[in-house]
Amino acid sequence: MSDILLKVEGLRTSFKTSDGKVNAVDDISFNVRKGKVLGIVGESGCGKSVTSLSVMRLIPKPNGFIEGGKIIFSDKDLLKISEREMRSLRGNDIAMIFQEPMTALNPVFTIGDQIGEVLELHENLRGEQKTEKCIELLELVGIPRPEKVIKEYPHQLSGGMRQRVMIAMALSCNPKLLIADEPTTALDVTIQAQVLELMNKLTDELETSVMFITHDLGVIAEMANDVIVMYAGKIVEEGDVVSIFKNPQHPYTIGLLESRPDRVDKNQRLTCIPGMVPSPFDMPKGCAFAPRCSKCMDICNEKMPELIEVKPGQKARCWLHSKGGHKE
Amino acid sequence: MRYIIRRLLIMIPVLIGISVIIFTLINGMPGNPYSHMMDPNISAEDKENMLESIGYYDSMAVKYFKWVGRALKGDLGFSIRYKEPVTDVLARRIGNTLMLSVFSFILSALIAIPIGIISSTKQYSVFDYVVTIFAFIGLSIPAFFLALLMVKFLAFDLKLFPISGMQTIGRGYTGIVQLIDILHHMALPLIVLTLISLASLVRYTRSAMLEVLKQDYIRTARAKGLSEKVVIYKHALRNAMIPVITILSMSLGYLFSGAILTETVFVWPGMGTLVYQATLNRDYPLVIAGTMLFSVTILLANLFADIMYAVVDPRIRYD
Amino acid sequence: MEMVKHPNMNDKSVKFKEEKGLSPWTMALQRLRKNLLAMIGLVVIIMLIIMAILAPVITPHDRDATNTKNKFLSPCSEHLLGTDELGRDTFTRLIYGTRISLSVGLVSTSIAVLIGVTLGAIGGFNGGFIDNIIMRLVDIFMCFPFFVMAITIAALVGPSIWNIMLISGFLSWPRIARIVRAEVLSLKEREFIEAAKALGLNSKDIIIKHILPNILAPVIVYTTLGIAIGILSEAGLSFLGLGVKQPKPSWGNMLAAAQSLRSLRLHWWLWIPPGIMVFITILSINFLGDGLRDALDPKLKQ
């Protein structure tokens, strides 16, 4: 227990829409270990971003709400503490980096203002000290001429630079947990690699735990220690990174691995998973993946399988591995 | 800076176009300034001479260039009705209109912006619905009808306010008493003008805020651990104010001309009533000068709005 | 981002894809149906139109019949809204006034839309010198104080219902021209227009067949709201005696009764009902126009 920083249990987050309630995240449990990186993979709409925002308690109100579950961070249930207490954690012990560096920074404040704001709030730094720390942070994330950049506005920086600013901002208070929601998706490939390397280096140095959210398995392979694969609001497979890549158990994970473009050069045909993610209003009765699954069995259309341990340290939610599902 | 100069250059042909159109239009009016004059002592011949002397028979182009030449020297002509320079007549009225419209401008901005902000942060709340409905009502009620209702119920029936004018005639109030008397007369037109502009400004602020509140950087601000107050009044408001300030600057253009019907209903001795009366009296120099003044104000306000936009939005300066 | 898209993407987009792709217009209609205020506005407008058409059926009195014995009667069972200074039935005139006021709004907006769309499309499509001239013209017209100009022109050409329609139409085209020009400019860059050009269609065909259908949404929204402006300017001008002339009744010239201080104070039935009619009509149009904007332009939807 002591090596676990964040423990999420039975998290359920829903949205009210004009057509009724939608469970965006449906009964999810996972752990983030101290100093380790947990990767969360899935197609868009699978609930991975909602999971991260739930941990931050930043689900957009009034339509979104957390229905149930526990989010235990350093022995505190984040869903039980006051908003005030939560605020003192945000940006301080738990920090977040978003997908769109182009729009995630406020266009009307300078870089210095925006980083300084966090330092002022959580570290109580003022004036000279604040400026110095800002410059130091910008240097840390590899921004050239930081003393000039703090006086600049976001639109004057490139996407990669802006994402570095976001990282500097997130790391400014040495957070225990960093949530990175598709931090490199919007960037060019070369910049992507640089930013990932930077994140890797810094989180290693600072011993920060990371929740890394992406749809890109290649990134996961580079960054993560543990992996969970999400589909339609549920975890379909989880395990350590080596098992997931070497020995995937769930057909969806297998499909994702096979549809990676970098496998093409292995003289293999690029395959893709047929069909689309089901609409949250029109969930299949049984396993949500059944309509797209090549190994679909009768029972798959009837009942949702449980997430069970297939091998030590590796779990999957599939009838192929559950009792009652064996047919062959 | 170069941007401002370029804008100023574009203004010149527009200004010429405005003046040509207004001038041609107004000089095309049927009837002459003396056609309402029924003085039997003046013979038809004398009338002809008088018309000749004011240049009534010149060709339109000649009239226009004469007028422009004089206008550039600050001479806007001689009011036929008031028998004094147009500039003097206008100068007397400008203050009255400005008093009314500047007050209502400030008042509506002060009330509308906070209401719009609160309404947007509580979207779908009862407060928000009430504000939205009232804004719709304010947008839809004709100003002069609202004015008439106020006169009927508040001035005639309840006798809370004077019916029209700007001062109680024949009392010769001075000093503080005069000021109170003027404020008392101003109350109703001020309320009407404020309510009308309040409505659209509330809607504008609200939608600008709603647009900003769903931006990614607001989520970033929340993720930093900032309090809701800071998120809304610093991060969101600063951005939402960019379009609101632009709209406010543009609405400055209607300070003179926006109240014409309201002024007419309350017989407020301002620019609106003046130009309306001048139109009925066929007092060409006055109508031309008044309308030009209105148009130029709008033109300048639009320019000012552009400049303000560049000032408040850091993204513009470097583009 | 997903978490925002997730619930919003919701309603129709996902479902419709499965119900074999409904057209965007059908989707807009679906959205409009859900907007209570817009539906109220629509119902009221339809009722007003029916009232205008069925005027002779609704009221037993003759529109212009004077009766000097029954001047300034207050509302009674015979005259629901009393009578005016000539003994004419106010309720009857109010109902007939609907015809005039609505048609002024409709015709003046049609004029504005016709001029605005034509000039906007030509300017946006051709660019260059023509565009420059048109845009300067727009700038010039945008600087005119609408109502002051309307009064001046009305005084120049004399009061009549046709003049009001023309004045209001000629003064309000620039806004729609600007909207159309901006839309056309952005459409011009899109592939399907490029493709049409490559296929050798001439500009006229491209504008009519490919561009106009695409700018329909903003034009519809504008037209709706423009009708309100037309009705308002009729009311204002007629109130000043520069609009629709007696004995034809319009809401505006009925409101002019309030120009007399005596009627303003004592004969409320002469001017409050037409004022309320103008208000209700414009309110309904605003409700509908707002709903249309939300429905037709999901980008703007909050």
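In this document, chain identifiers A, B and C correspond to the written order of the chains, with residue numbering beginning at 1 in each.
Here, a residue touches a chain if its C-beta (ideal position, glycine included) is under 8 Å from a C-beta of that chain, and two chains touch if they have at least 3 such contacts.
Note that the structure is a prediction, hence the values are computed from the model and not measured.
> Would you mind telling me which chain pair, B-C or A-B, is linked by more contacting C-beta pairs?
Answer to which pair has more contacts is B-C.
> Give the label of the chain whose average Cα location is farthest from that of subunit A.
B
> What's the distance between the Cα centroids of subunit A and subunit B, rounded to whole Å?
54
> What is the distance in Å between the mean C-alpha positions of subunit B and subunit C?
Taking the average C-alpha coordinate of subunit B and of subunit C, the gap between them is 23 Å.
> Which residues belonging to subunit A are in contact with no fewer than two other chains?
Where subunit A meets two or more other chains at a single residue, that happens at 100.
> For subunit C, what residues touch not just one other chain but two or more?
Answer for subunit C, listing residues that touch two or more other chains: 1, 4.
> Enumerate the residues of subunit B that touch no fewer than two other chains.
Residues 123, 216 of subunit B touch two or more partner chains.
> Report the residues of subunit B in contact with subunit C in the complex, numbered from low to high.
Contacts found on subunit B: 10, 13-14, 17-18, 21, 25-26, 28-30, 123, 136-137, 139-142, 144-145, 148-149, 151-152, 156, 163, 207, 210-211, 214, 216, 254, 256-258, 260-261, 264, 272, 275-276, 279-280, 287, 290-291, 294-296, 298-299, 302.
> Could you list, by residue number, the parts of subunit A that touch subunit B in their complex?
Residues 56, 58, 62, 87-92, 95-96, 98, 100, 103-109, 117-118, 121-122, 153, 155-156, 166, 169 of subunit A touch subunit B in their complex.
> In the complex, go through subunit C and note every residue touching subunit B.
1, 4, 37, 136-137, 139-140, 142-145, 147-149, 151-153, 155-156, 158, 228, 232, 235-236, 239-240, 255, 258, 261, 264-265, 268, 271-272, 275, 278-279, 282-283, 286-287, 290, 302
> Using the touch rule from the top, collect the residues of subunit B that touch subunit A in their complex.
Subunit B reaches subunit A through residues 123-124, 215-217, 219-227, 235, 238-239, 242, 312-315, 318.
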